[in-house]
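As written, the chain order gives the labels A, B, C and D, with residue 1 at the start of each chain.
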Amino acid sequence: MKKSLLIAILAVLILAFAVSAEGEPLLIGVYGPLSGDAAMVGQTMVEGIELARKQINEAGGIDGRMIELVIEDDEQSPKVAVSAANKLVHDHKVIGVIGTVNSSCTLASMEVTWDAEVPHITAISSGAAITNVGNPWIARVQASDLLQAGAITRYAVEDLGAKKIGIMYQSDDYGAGAMEVIVQVLKDEYGMEPVANEPFEANALDMTPQLLAVQKSGAEVLIMWNMYQQGALIAKQAREMGLTIPLLGGGGLTNKKLYELAGDAAVGIVNSQTFFADKTKATPSAAAFIDAFEKEYGRMPDSNNAMAYDSMMIMAEGLKAAAPDFKNTDIMAGILAVKDLPLATGTITIAPNGDANRDILIIRLIEGGKYELVK
Amino acid sequence: MDFFIQQIIQGIAMGSLYGLIAIGYVLIYNAWGVLNFAQGDMVMIGAFAILVTHIFWGLPIIPAFVVAIIICAIVGYFVELTSFRPLINSSNTRRLIATIGVGIFLRNLVRVIFGADPYPFPSIFGNTPVKIGELTIIPQNIWNTVIGFVLVFLLTVFLNNTRLGKSMRATAQDREAARLMGINVKQSMSLTFIIASVLGGFAGMLISPVYFVIPTLGTSLGNKGFSSALLGGITSNPGSMIGGITLGILEATSTNFSTSIQASVAYIVLFIVLIFLPNGLLGKKESRKV
Amino acid sequence: MTLFNKVYKATRIWILLAVALTLPYWVPNNYYLQIFCLGMIFAILTLSLNILSGMTGLFSVGFIAFFGIGAYTSAILTTKLGFPVPLAMFLAGVLSSILSLTLSLPTMRLKGMYFAVATLAFGEIMYQLFLNWTAVTEGTKGIKGIPALELFGTSFRSYSKFYYVILVILILIIMLARNLISSRTGRAMLSIRENDIAAEAVGVNVPQYKMISFLISTFFAGIAGALYAHMVRYVSPESFVNAESAAVLAMMVVGGIGSIPGAIVGGIGLTVLPEFMRFLGNIRMVLYGASIVLIVIFAPRGLGGLIERIDNILSGKQSLGVQKKQQHIEGEE
Amino acid sequence: MAILETHGIGIHFDGLRAVDNVSFTAEEGQITSIIGPNGAGKTTLFNLIAGFYTPTEGTVDFEGKDITKLKTHERTRLGLARTFQNINLFRELSVMDNVLAGLHSVTKCDPISSMLNLPNKIMEEKESKKKVMETLEFLNLSEYVNEKAGSLSYGLQKNLEIARAIVFRPKVVLLDEPASGLNTNDLHELSQRIVTIRDSGITVVLIEHKMDVVMSISDKIIVLNFGEKIADGTPDEVANDPAVIEAYLGKDE
């Protein structure tokens, strides 16, 4: 009795396997911080990718084959990110990888995809180093620190006419990477030096020592490079101590929490961005994305949603180009061949080093926690 | 000069919070002989307790504080009962590791319940800065400093002048002798732990209006707290307040010397104190027993 | 002693060795192999910490700093100065050892908690150094393109080859640690852990032996760090944050403080196990915290104690039921 | 010849004089006992001689050399061993390892040879174990060789302390109340053993409360009271000294 049952189950399993083998799905690996302090960012990334996958599959997949996602957590740790990438590549045998968030995690784990020669797109990491080590298997949708920090610095000097620029940054891979770019751009393009350059701990609460130093330096503009939590603290504490100079920053500031935490102190903060969720001003492709996202999740997408969505779309371009064999070299070639592709975060062209070139947006937080497009 | 004074003012505001956190370390160290690495997370628990009572439940501020204090006491008692009492006769190594475990547990439990994102908390005493000449002072900071000192004063009075306080002190000095004197050692140790937890939580309640409420609130504050405790002398309650303010001022003024040193100030101070001033600023010398 | 006991005793080490040597052939794929490699590197680190904390009773809360020093040293020597990898790995151990003097020399007088806090401060300061000393460490950008180990014309870039390098080093360090325990030096360390007053009375120069313990343990930790650097081939400060120190401590506790097999099981176990618990998300960390406390309370000897007990039963030294008193290098203060 | 001498040694803690201006000599090859009521400063005197405390005044001479500035482990190396009144064993280590540790000051094996199991280590370990077994046999401890020190009975632990102290053949051994907690049969055996230790060429300095032990085996007795020396001499001289009788009057042993 038992034996026959076992045989029956086995038979069903084999059958099921045989059926699925026909239209075998294309496995794409996704990894990001899904637990810990950055879990929200990881979650938004997965949402964007999931939406893109759904649209692609609903449109008939790629060469008749469906895309299936395998999702792994990297806990925001470089060590775990390496394991996660290995799991995707070697255990799940995915044909493409999207991830992760922290630049240090991407840098550590892209060695794995590089070695295994698996096409890899990072949606959110901005570290300049990712695309300048000659890794032929990586592409990036996020605008690198070079682009973002460069754009904000130019905005500060050219549009605001600032002669004295102060910098504050969170001393980790996100903040320090951008700080170096700002200093470089100021020096190379304008022959200037920042009047203050103050790091703070990534989980610091009291920003006044740094703000006092900025105030003393007589800076006309403060460029801060950090996430929205610290952004809120800086805005609040700067206003409290009477420092009223314009506050500028990077994409990490864009979050509805920024206004919730800092209130009116956050009004007027200007930051660089790759995506602006305003249908009236958006390109048709971006507007379509906003519509679809709102329908799917019942809220407006943020920039991470958009970049993750674009990552999946660019991966799909690679897959299309490589059909029906889906050879790794063909997929990567397809990704690098993307040119003037209208997507959620703009019209994207992938440069030979893997970076997605597009215009950087500058946005400003206005009354009520809304954003307006500056340029 | 104004700039320097402004730095000092800021240092005192932050430092008195460090001091308040430090007292929790001191109380537990003296009664239990262990540095409680979960003390920083009690600060976080306090911040979340007031968030829940005042914002989520909508209690007016005073009852909200009272209920939050009760929550902190309960959490403190739970930690003592589950992770300190069973290990009372274990080696220091084990007890230290247990406190690290408790910290990880509390931090992540709160994160599971409330998420990793920060919550705003409205100012209780007003965030509109007061201008005195060129100097800016934030009312909340003054209040925090004052409340910090008042609490330390009350604690000292309690420990020196009440029967319960005296038995707590006797227990901290010599557990065996206290037992012989007829003191309920178990009870006074529990009480010490609960008071330390409440003081830690209270620091969290004072901090939340200045900053915000987040599960990782206690990690760096905890380190600053025990640095202050050791700087002040781990055997001294008033010492921790002095230690906290000293550390606060050192941190605030460190930006004058080097921009990248601020994050390490607490640890460099700690290292120097341990080497050159092992009994801290106000601590008593621990004599050697053969 | 039954025949089974005898056979077990005679063969256990060979069986273990056979399993270890053939592992790359029967794990399903490279992912599992990589997890094992990482686990073994952390086993070496846990073993190093055990020499300091388990044997000598010096409790370190910032131990990952020496792992980091080792990783950075080997990374910098190979990428910037063109040192051959094996030499760089050795020097990683040496430098980690030398830098440990900056911690151990001034803190030798400190006891218990004070010492633990000093190590924590040291760990934080080292992290800030990795982060801010950009000229040498590349700061937050990290050091990229670290070469894989090459020996006698063979590259050990693939996990299946590097695995054996780690295995050999792990076995070597286990042997060294075992020899150490049953030696004059090891007994001096154990005596400090057990009773430093009596240690002085039998003529042990306590500060000197604490320092020796430090030098040995950080040498191994530095080697572990170098192995990590050449396996991942990228190092950045984020890998050496204080939470990692707590993770190594947890490995030591779960394995059993002072137990060599425990350190191996703890290091590998706490690297491999989380891989299969990751679906739990944030709850995993809650359970992690709770299990540390529970193990400290209810299984003070950790898995190492359990393994030693099973080993004793299988080799006939101990009958099932009663636990005979046995020598164990772990103690109560 | 005096092997151990103190000259006007003294120490005070927080203004309290624990030992005050004590001078005494222990002759080579003799048993010198230190007696006195509880709190007379006997153990403190031992701690001064062994180097656990630094004296506030006075000096300690060993074999005619001033050792006041030497650390405890340096004094042990010169051949000055001790036991503790309140037992300081390595509780979690085996009896074997405890006594092996006692050989620390006369063995040489360095950390590198220790880890690499070089021939010099193997030789030394073999010899050390032989010495340990001899000592354990002498003290009737051989059957416990693999037991954990902490699991032994109080009396055996006392014995083990002696084993650890004499295993390296020190020149002088300071025994702090070896008889406490022993029954009458054991007392006799202990006395015999202390005499044997002396006869083997180790000078013994003894703190003891059991007067019959002290009186029967001592060559010389020093009496302390309130940190000061009030008498010294042969057992007979001391027993008849009026100052000693006064010190002990009303203070029951």
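The criterion applied here is as follows: contacts are C-beta pairs under 8 Å (C-beta built on N, C-alpha and C of every residue); 3 or more make two chains touch, one makes a residue touch a chain.
Note that the coordinates shown come from a computational prediction; the quantities given were computed from them, not determined experimentally.
Asks: Report the chain ID whose CA centroid sits closest to the centroid of the full protein CA set.
Replies: C
Asks: Can you check which chain pair, B-C or A-C, has more C-beta pairs in contact?
Replies: B-C
Asks: For subunit B and subunit C, let me know how many angstrom lie between their CA-based centres, rounded off.
Replies: Spacing between the chain centres: roughly 33 Å.
Asks: How many angstrom lie between the CA centroids of subunit B and subunit D, rounded to a whole number?
Replies: 47
Asks: Rounded to a whole Å, what is the gap between the Cα centroids of subunit A and subunit B?
Replies: 38
Asks: Hunt down the residues of subunit A that sit against at least two other chains at once, touch-wise.
Replies: 36, 39, 171, 199
Asks: Which residues of subunit C are in contact with two or more other chains?
Replies: 128, 132, 197, 282, 285, 331-332
Asks: Mark out which residues of subunit D touch at least two other chains, giving numbers and ranges.
Replies: Where subunit D meets two or more other chains at a single residue, that happens at 52, 84.
Asks: Going by the contact rule set out above, which residues of subunit A touch subunit B in the complex?
Replies: My answer: residues 36-40, 171, 196-201, 203-206, 208-210, 212-213, 215-216, 229, 232-233, 236, 240-242, 257, 260-261, 263.
Asks: Flag every residue of subunit A that touches subunit C in the complex, lowest number first.
Replies: 34-36, 39, 72-73, 75, 77-80, 82-83, 86-87, 89-91, 102-105, 107-108, 111, 115, 127-129, 133, 171-177, 199
Asks: Using the touch definition from the top, list the residues of subunit C that touch subunit A in their complex.
Replies: For subunit C paired with subunit A, touching residues are 28-32, 34-35, 38, 128, 131-132, 139-142, 144-145, 157, 232-234, 236-239, 244, 274-275, 278, 281-282, 284-285.
Asks: Of all residues in subunit D, which touch subunit C in the complex?
Replies: Residue positions touching the partner: 50, 52, 71-73, 76-77, 81-82, 84, 88-94, 97, 100-105, 107-111, 114-117, 121, 124-125, 128, 146-148, 151, 164-165, 168.
Asks: Residues of subunit C touching subunit B in their complex?
Replies: Going through subunit C, the ones touching subunit B are 53, 57, 59, 61, 106-107, 109-110, 112-114, 116-118, 120-122, 124-125, 128, 132, 197, 246, 249-250, 253, 257, 282-283, 285-286, 288-293, 296-297, 300, 331-333.
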